[in-house]
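Structure first, then comments.
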């Protein structure tokens, strides 16, 4: 960076902290095998067909990009995968089993976590508490064990606190653990959202436009972060409009347009796909980066 | 001078979001503010449209001191903003949102409005397709289009655009910048905030760089775009 | 006022001479929505006190007010307050049946005598409270009288009975129902504070009733009869003491005409002197239970004059037997008035006029 | 409050113990000005204690889980009536046995009410619960099995013992003098002396407070807070929001039922008049005025709502008017409550600074 | 059941007249909820003041049962003017003193409810204590007709006796019935048009959904809120006038129960929705009458609330509730 500008505190993460997902039971597929399959999903809102017979899958350990023009159905796809919407037809299989009509929180417990296109933190809770809520997803302390401070409660609290602090440390938010979420700067809020999602120890982490509103330098940092997260043992599904970021970080890309899948392949393949260029990238691509 | 900002200071509680910034926008210009996250760009925009109270300094519009004018009176003067985070009326349909754009127009009942609506629909065919959908159920990018369309419906003298390309597909980003250039050529003055600095600088007459609440550099769009330091920090030169 | 001074302490033990800084309590709603009844009683009590204090210029008795607002939950705290004030030798009240149930156990325990001028629930006397006295007839006497009037005087063949689900209203209406037996053509229950009675009006009209007994209070009785008359119902409206109140007529206007009101309370012409004194002091005719208030206070004041203390007052009241302004003041073993008369009144030309005792 | 936090732990414990002793001794001390001149202080303290208890329960529902319940008096009534029915009207159980049943009955009614209605959107819950409160009262008034408006008398008192006499203080000479003629029997739940009931209620409050703290500082408390902040996001973070809302509702109902049982045991007589809609509103006022979400705040709120109308009986007819004005003024000058919850404190500090600055700026 | 069929028309017409009053009062709740997302608890007092204004003006003008047609029309007109003016005024004052200070302080919505409850107590008590309060100024004697026995019912002079106009089944529909039902619907159509024409409706919704964006569009938030309260108040005033024509008796606490009912009606129809208020009012009025015919009058209110619960279970945002308004996940 040039000395013409003060050193901006661009988000610093601590990639060395171990934040690998906690083993929470249930079957785990091997690296490279299918973790989640979207199977012929169609979703209609009245006349609008938001998803039209979409099928793709995510392999364990990869970073999959989901791109497409605005309104193509990307966020809707997340919503179907996390139980916010029920598909009109088709379904989602996770670890080989259909998700069916599971509730949102049940799907989270199974191991799919997400962030939101518009930040949705628990604004009046501290950063630490936000993350603790995520950690709690796999805890079972109820009124009884809390009331009598049973060993289970104490163990869960201690473990949860440790994991939450690790995650904050990893994200470089340790110093802000006791700040209210709503008082955090925008970039910190974005990262806190990711930390909260990671806290649920997901197999699959879904990020919806995590780089929105970031400048190129910040985007580069984010790219690094996403890679590190993957290296710690998570599978990542990424929606993003910034081609530099998408091309730089993903292993594979799925392209949607008008609710249909129009392409799938490696970043290079997708970049050169004429249909994708016509629908999404536009001709003057060099200019956009 | 259409807009003159003089020694402006704005606080969020103890946090000084912007400190003593001075800049101006000439009639007919496109002026861009760039800067990192939290530099105070949005705060500046909100202050100009009256959503944030001013601690010190002044804002002049068209030769009139509007520093303490209530925000809802400013659209009548011809200031219109497409806010960051879109700010669509989520419970209203797309059509109603666009109609809200004309709320303060003195000629809101004239046929001119209809023309403008057609123009917006031409720019964003998706909005026409979905004119009866609730804005809240539109996708992120669609809402961004709607916010922009709504601002255009106001036929402002000064259009404030806060990150209009956020969340938009690459192809659409091109289009947005084309639109900005075009409406500017038709006589609308534009104050633009963008993270997509390369594009923005290319199209603007002048630009200011904001850093932790202060203006650290200004110049023509071309000059700044060519400045290596700017390039390194904001244009996504290799980091 | 003059204080008793040096004689005060001697009086209490002497037995023949009154103590001079004693008080009687007035327990009931003096403020709030139900204040009217309490104030009518309080006026009567004040009049009695004036009479007494005029006769004993050197040995005044003071009135202590316990304003329960008619609320049973406030009653125990006030009762305790009265009990703790050792100068209070007797209570006029509690005015309502609900608060009586909440407060009387305390008075009973403390041995502080209560004479209620207005609480008419029959069951109050069944609790074995030694300190409970009632200076008027209870609903069990009024109910049969009302039924009798409907049967014998009105000669109604199709009576309808309605109540407001309140303890007083329902209790009374149930007695009337029982006494009228199979003649009753319909029953209905409304709720207090209700203002629209269209469903009930429809019911009364559909039943073809020629008389309607309503057990309840005037705030509901007025709009009820108004709406019945508006809908064209022509039968006779019969109510009880809870409605004996000028405001009933002021509000129901012409619809109130012809309403029959039963009440175990004396008409003004039975005690003209009292009525005159009352009017002179308060600028209006004595109202519901003013006379009973006066009588209740008089008994206690007579006790004070006879040198009774809190401890000895109960026996004094128990054996009391004198003519008061409303009736012969004498109590039976349960504390009920021994001499009970129920009168019938009628609304005529905007006034409540007596049409004699119901015998 | 900050200086308390700064003290070493033993000092804190001593302070707490002293404070507790003071609380228990309060009705005996007869401190001038604090002691209500126009109503029995022991009785008033008991009433305030029931308000406090109810407010603590309602705080779980409103303050923690963010559910606006305008019919809380319904649970209070169910608790009281369960005691009345079992111990006097249709049975002759001792008071103590009826208490767990009362809590259970309130719990069940809480679940029965909550299960269908907690799915309804937040604002709508207010009117539904208000309706519930009215339904309960109307049922009490109109049901002959429950004795209608006559209510239930002769409810037995809590079991006690008569161990020793505790004297009180007398201030009539200006200075405190031990008054041996005015004593309270420990621990006799009699008819006239209300102080032992206050002691009972105070002890129950302490237990509930402990319970409240233990539960709030756990996964359960966090889940409530997350649900209140953003229900959808919470659900997507693995919080079964419906279950937790129902839990809050049920726990709140239990505490409401418990307060009702206490009230019935002290009053000896209950009737539907004791459970009017207005009470629900006063309960809500206690919670919000105090600072929804902060247990100390709602306790203060309950004291304001329960104590002041009794202390200032002198206002007589103007009591309600003055009370209404006080509510308005409190709302305007303490919009976050008397003691706002911790999470709001920091935010307010920032906001207040901002406000001060803005006001300064306007005058410039 | 048989009873319900036998008296169907009587129950229906009287239910509708009652429902009309509910509906008009419900509008105030719905309007304010629409813009501030809060329950204007003191709206019942706005209504109550309207009933007193109607009563006072008729008393003042010497209204009586023997007036000529022209006189009666004049009295009724004055009744409406007075009630609507009074209620409008109270509503605006309420906004000014109970809500605006809170808005300026960014208070959470719940505290606004408390302020409203406080205001409700204050307003009701001022009316209930009017005799004492006027007494401070020595006005209680000259104003005795208006303030005497202020805790009691106050009855309006009869200016119109219900006359049967035609019969439906075996119910004689009276001129008052017709006036109330037709009048209320007419007023509501006028309001509907006003809200549409004046951009008020759109302003209200915009402010409710995003006050900042609304300001950017040129919507004056304070003004919109004030006008909303005014309009809601005027509607409550109209309701008050109808109520006094039909019931003729009011009291300082007459607003409370009616307010609860009207609020129920607003929710029933879909709060925030003007036509919903109309529908909700009529449905509630009818349900109360039919319900009391089937299960007994004493369960009337229970029926009303149970109906509400059932409807909300099947239509969680009320009968006509907006399907719009939900943000996405």
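A few points about this structure:
To keep things simple, chains are lettered A, B, C, D and E as they appear, and every chain counts its residues starting from 1.
Everything that follows uses one rule, which is that a contact is a pair of C-beta atoms (placed from the backbone, for glycine too) under 8 Å apart; a residue touches a chain by one contact, two chains touch by 3 or more.
Computed from a prediction, not measured in an experiment: that's the story for all the values here.
Counting only chains that touch, the fewest steps needed to get from chain A to chain C is 2. Steps from chain D to chain E, minimised over paths through touching chains, total 1. Listed by label, the chains that touch chain B and also chain D are A, E. Of all chains, the one whose Cα centroid sits at the greatest distance from that of chain E is A. Centroid analysis (C-alpha atoms only) places C farthest from chain B. Measuring from the averaged C-alpha position of chain A to that of chain E gives a distance of 50 Å. Chain B and chain E have CA centres that are 44 Å apart. Between the Cα centres of chain C and chain D there is a gap of 36 Å.
For chain C, the set of residues touching two or more other chains reads 32, 35, 165, 189, 191. Among the residues of chain D, those in touch with two or more other chains are 138, 141-142, 232-233, 236, 317, 350-351. The multi-chain contact residues of chain E, meaning those touching 2 or more other chains, are 298, 301, 328-329. Those residues of chain A that touch chain D in the complex are listed here as 82, 84, 103-105, 108-109, 113-114, 116, 120-126, 129, 132-134, 136-139, 141-143, 146-149, 153, 156-157, 160, 180, 182-183, 196-197, 199-200.
Contacts from chain E toward chain D in the complex involve residues 33, 37, 39, 97-98, 101-102, 105-108, 110-115, 117-122, 124-126, 129, 132, 260, 263-264, 267, 271, 298-299, 301-302, 304-306, 308-309, 312-313, 316-318, 329. For chain E in complex with chain C, the touching residues are 3, 6-7, 10-11, 14-15, 17-18, 65, 128, 149, 151-155, 157-158, 161-162, 164, 172, 174, 176, 246-249, 251, 253-254, 256-258, 288-289, 292-293, 296-298, 300-301. Those residues of chain C whose C-beta lies close enough to touch chain D in the complex are 30-32, 35, 67, 71-74, 76-81, 83-84, 98, 101-102, 105-106, 108-110, 121, 123, 127, 165-167, 170-171, 189, 191. Only residues 211, 214-215, 217-220, 222-223, 225-226, 229-230, 232-241, 247, 251, 343-344, 346-347, 350 of chain D touch chain A when the two sit together in their complex.
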